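One structure below.
Residue numbering begins at 1 within each chain, and the chains themselves are lettered A, B, C and D in the order written.
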Amino acid sequence: MELHVKRDHSSSGQYPNRARMLISCPDGPGIVAAVSDFLFQNGANIVHSDQYTLDPDGGMFFMRIEFDLPELEQRLDELRDGFNGVAGRFTMDWRIINVSYKKRLAIFVSKEDHCLVELLWQWQAGDLDADIALVVSNHTDMQSYVESFGIPFHHIPVTPETKAEAEKRQLEVIGEEIDVIILARYMQIISPSFIEYYRHRIINIHHSFLPAFVGGKPYAQAYQRGVKIIGATAHYVTEELDGGPIIEQDVQRVSHSDDVNELKRIGRTIERVVLARAVKWHIEDRILVHHNKTVVFN
Amino acid sequence: MELHVKRDHSSSGQYPNRARMLISCPDGPGIVAAVSDFLFQNGANIVHSDQYTLDPDGGMFFMRIEFDLPELEQRLDELRDGFNGVAGRFTMDWRIINVSYKKRLAIFVSKEDHCLVELLWQWQAGDLDADIALVVSNHTDMQSYVESFGIPFHHIPVTPETKAEAEKRQLEVIGEEIDVIILARYMQIISPSFIEYYRHRIINIHHSFLPAFVGGKPYAQAYQRGVKIIGATAHYVTEELDGGPIIEQDVQRVSHSDDVNELKRIGRTIERVVLARAVKWHIEDRILVHHNKTVVFN
Amino acid sequence: MELHVKRDHSSSGQYPNRARMLISCPDGPGIVAAVSDFLFQNGANIVHSDQYTLDPDGGMFFMRIEFDLPELEQRLDELRDGFNGVAGRFTMDWRIINVSYKKRLAIFVSKEDHCLVELLWQWQAGDLDADIALVVSNHTDMQSYVESFGIPFHHIPVTPETKAEAEKRQLEVIGEEIDVIILARYMQIISPSFIEYYRHRIINIHHSFLPAFVGGKPYAQAYQRGVKIIGATAHYVTEELDGGPIIEQDVQRVSHSDDVNELKRIGRTIERVVLARAVKWHIEDRILVHHNKTVVFN
Amino acid sequence: MELHVKRDHSSSGQYPNRARMLISCPDGPGIVAAVSDFLFQNGANIVHSDQYTLDPDGGMFFMRIEFDLPELEQRLDELRDGFNGVAGRFTMDWRIINVSYKKRLAIFVSKEDHCLVELLWQWQAGDLDADIALVVSNHTDMQSYVESFGIPFHHIPVTPETKAEAEKRQLEVIGEEIDVIILARYMQIISPSFIEYYRHRIINIHHSFLPAFVGGKPYAQAYQRGVKIIGATAHYVTEELDGGPIIEQDVQRVSHSDDVNELKRIGRTIERVVLARAVKWHIEDRILVHHNKTVVFN
């Protein structure tokens, strides 16, 4: 179907020689000078730069730089090699990412379609600069819709008895090339080993303003408590249920006259907007995780 | 000091013959017809009317009517007597309030002044149509400021040992004529018997987006959890700490770069706005409490 | 395609005996009593009621009532006949609407798809309780997408020379049964006679926070002016360009670092949410127009 | 009055060796490297850094750096001298500001007090790290209130005939030491020569969401147009009325039932919050002006 072919106005196409550098290290004098001098000496031009120092916590330093470098593709290995010296001096955790490389997404979904539909719409509109490699679901409801975009759909049922086997099957279909997994209202608990394998690379949308209303039926809990504002939270998945690093949250005002169904209806729009923002920021390498919190440069 | 005299543009002065009627009862046919017919037969003109039916919960019906009635003052007793018939037919909880009667507020405060300053400013600007009868504090920091408005200030220290005695003293200075008590960052727990005496007439501001971060140091908790939005909650005080019916909440976006002090600074403005709204709605009889939730007609 | 069949959880199906009554008239004593008594005498049970009196403007009174009446379908003519007496007494403009009757929508679109996609998604999710009767476009981009929902798509090109003829053709394909026309980013000016025919029944989405940035290229204008917040406005179309009664607006914060393309991207989500809300409120008969303003009961 | 003495928890006191550097120049390779290397060579430690490149507009580059330098006070002249070399190489507009130096504010006010009260409250709470040197008013309403804070109050009446003379008198009382003038609802037009003298150093609060409702009575205009959201705008004053560079805006939702007085009441809280934010950002050197727009690093 013609419309569902992604239009080619992605930023990755726009900037063939653009790279991103992410750095975390203990703060100290000379870091910015060393990094920017290194890039300058190598002929790179910094186009964006953000940094943050976490004072109270032993002075961790976080930095995200976007730069342009002629013939980036060919020079990337050399650049990474060269940066090892700088990185070693400051005990850096670091990455240099080629913006032209499109991240590969796997989307997990159950029956509720709104988050999946939003991601596909934003992707097809060119707002998510990534490849959606496949969709995995424990139901078949979304199959024809997903396939109409030319995206492979894998139906992997999950029951309490077959859970381990189902995860094994999921890992098989995902393969080795997936950068991030999106739980777009996927209503199954992921096992600790699966989470560990994709640490800080699984994004979940929780339908409450965490840490309020952890666990199941958050809209029913919200109605019961009589809150005047509801929200949604996108976070990285960790072993602790709904306890992982928060990436993004948003809220909307409600009133006594909104029943549970109306809260769900309002919530659907918050959920899809919040999840899509979190995915976009992850794709654009804007998120650094430190302990159980995120630094988001945007 | 001249400025601190309240200017006379209160709505109570504007509408000398205006009254409000609040009704809660089981829903059933004919309620609106019976009430509006009663008012019409008595020569009243309805100027505002709100109603709400709580379907899932056995069909409770809630109504707030503002009406004008010539010579209201003289006719109010007769009107209330007359309404007893209607009320009995539908098993109503009801009140008729003379808008010209200004509610009397007692404000409790500890050391943080922002909520108190906001209430005094709004009152002095004519936005809170009530009398601030007195301020009670367990500290003396606010004394000269409060007294500069011509408002009596009572310093009643509270220690673990003198708590019961202090509450007794508080009840004495409050007297019998106080309609509502505002805890404007009053950092002491109120005893159950005190709460019972002023059931649904004590408004507290909690410095978090309840039910997240119940209890002490909510901004520290919020920082620790890494939330992207902080908030404040005004609620009626019940025996359960931070568990009473929520009247109003509001929020503001924060980021990783806001430390605990910055969260507190941002939070102060949310707290004072949220508390002032809740107080205004209470004063204007816009809030009906049902079980542990509020119906707010605004 | 199976997914695109609308699921049957519409409110119209839920409440087969529900009706809405909309009233505008000069204010005066006894209106609410007369209306509610009429409904009670006819066996109707009021489930929602909203009213508003426009004091400064000669005292216009507006009312929206939802009520349940057994055997509504059969009794509707009789009810309308009976209400003529009440209506005449108070010089009312009024309507009684059978909630089971689904309004029929025509959507006009040009090339940008986000508003159309949102409306179709909300409709398919059961959140818009109406029939989408047809889509009209001056381009063919959306044809296969629209037809995949089983909705007729009419391609009617518009050029300066063929404008009058194109409108004639539009009126033909719309026919007599359309309740409301949605301009979901339809980039053509509608002629005054067309507007007159569908007075207060054409809803447009303007991609700015009106009245700022009337006319073309509002995001470029917003960027040029350096505003810190952008918005969108849904309004009824009148002869004055972008000057009709405003139904709904919403906004989002932007910064100096958002260029025109980023403003457009952010704006798309505001536009689709604002338009969908306005359409929902129109469908649910929540909007009354008075002079060039709306009263929205929600 | 004891309360009105400013508490000493200002950031300027906290960081005696902190400075800020603001840079605007045409973008080009090596700027960040040159600046950060200069600071490193001089023993400074960068604690915050923000930068922005305005691509579409000929590539202007903007940067704000906060750094700590031991014995800053003594070394500042030498540092500025040294930086001239770097600055010359890149044609920079630049400033280095000693954070310990408190900016001196003059506040102009007419009769409406809410913006002045907010600024004084935030200042007294330690949230505005500046000195309020004096208040100028064309009325005497605020005199005793301002003087209770120990702040000099100058009553300078303005009539059409005495306007030029009044401005002369204003410039006299302001003197040479004022960094920024805040028009906190000062309802007089400032002359072009006065504006020129304090270019980008006069902040005004306009009580609408500019560019909507330029000029007088914006709340009446907003009511007339029937907008669903109102706002306020803080901007630098230029010769064009309400046309200067926008610093900050915020909004709040309103409804058909809010009359002009209610819009004003709601608006007062938006105005004071927006103005206070703009003043805080100006004080903290977060704002760079380019053509008629602001870059705000926050």
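The definition used in the following text is that a contact is a pair of C-beta atoms (placed from the backbone, for glycine too) under 8 Å apart; a residue touches a chain by one contact, two chains touch by 3 or more.
All values reported here derive from a predicted model rather than from experimental measurement.
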{"item": "Neighbouring chains common to subunit A and subunit B, by label", "value": "C, D"}
{"item": "Higher-contact pair (C-beta pairs counted), A-D versus B-D", "value": "A-D"}
{"item": "Proportion of interface numbers common to subunit B and subunit C (over half same, under half different)", "value": "same"}
{"item": "Chain whose Cα centroid lies at the greatest distance from that of subunit D", "value": "C"}
{"item": "Length of the line joining the C-alpha centres of subunit C and subunit D, rounded to whole Å", "value": "43"}
{"item": "Centre-of-Cα separation between subunit D and subunit B, whole angstrom", "value": "36"}
{"item": "Multi-chain contact sites of subunit B, meaning residues that touch two or more partners", "value": "none"}
{"item": "Of all residues in subunit C, those that touch subunit D in their complex", "value": "52, 55-56, 209-213, 225-229, 231, 245-251, 255-257, 259-260, 292-296"}
{"item": "Subunit B-facing residues of subunit D, complex", "value": "1-4, 113-114, 117, 121, 125, 127, 141-142, 144-145, 148, 265, 268-269, 273"}
{"item": "In the complex, subunit C residues that touch subunit B", "value": "28-34, 36-37, 39-40, 43-51, 53"}
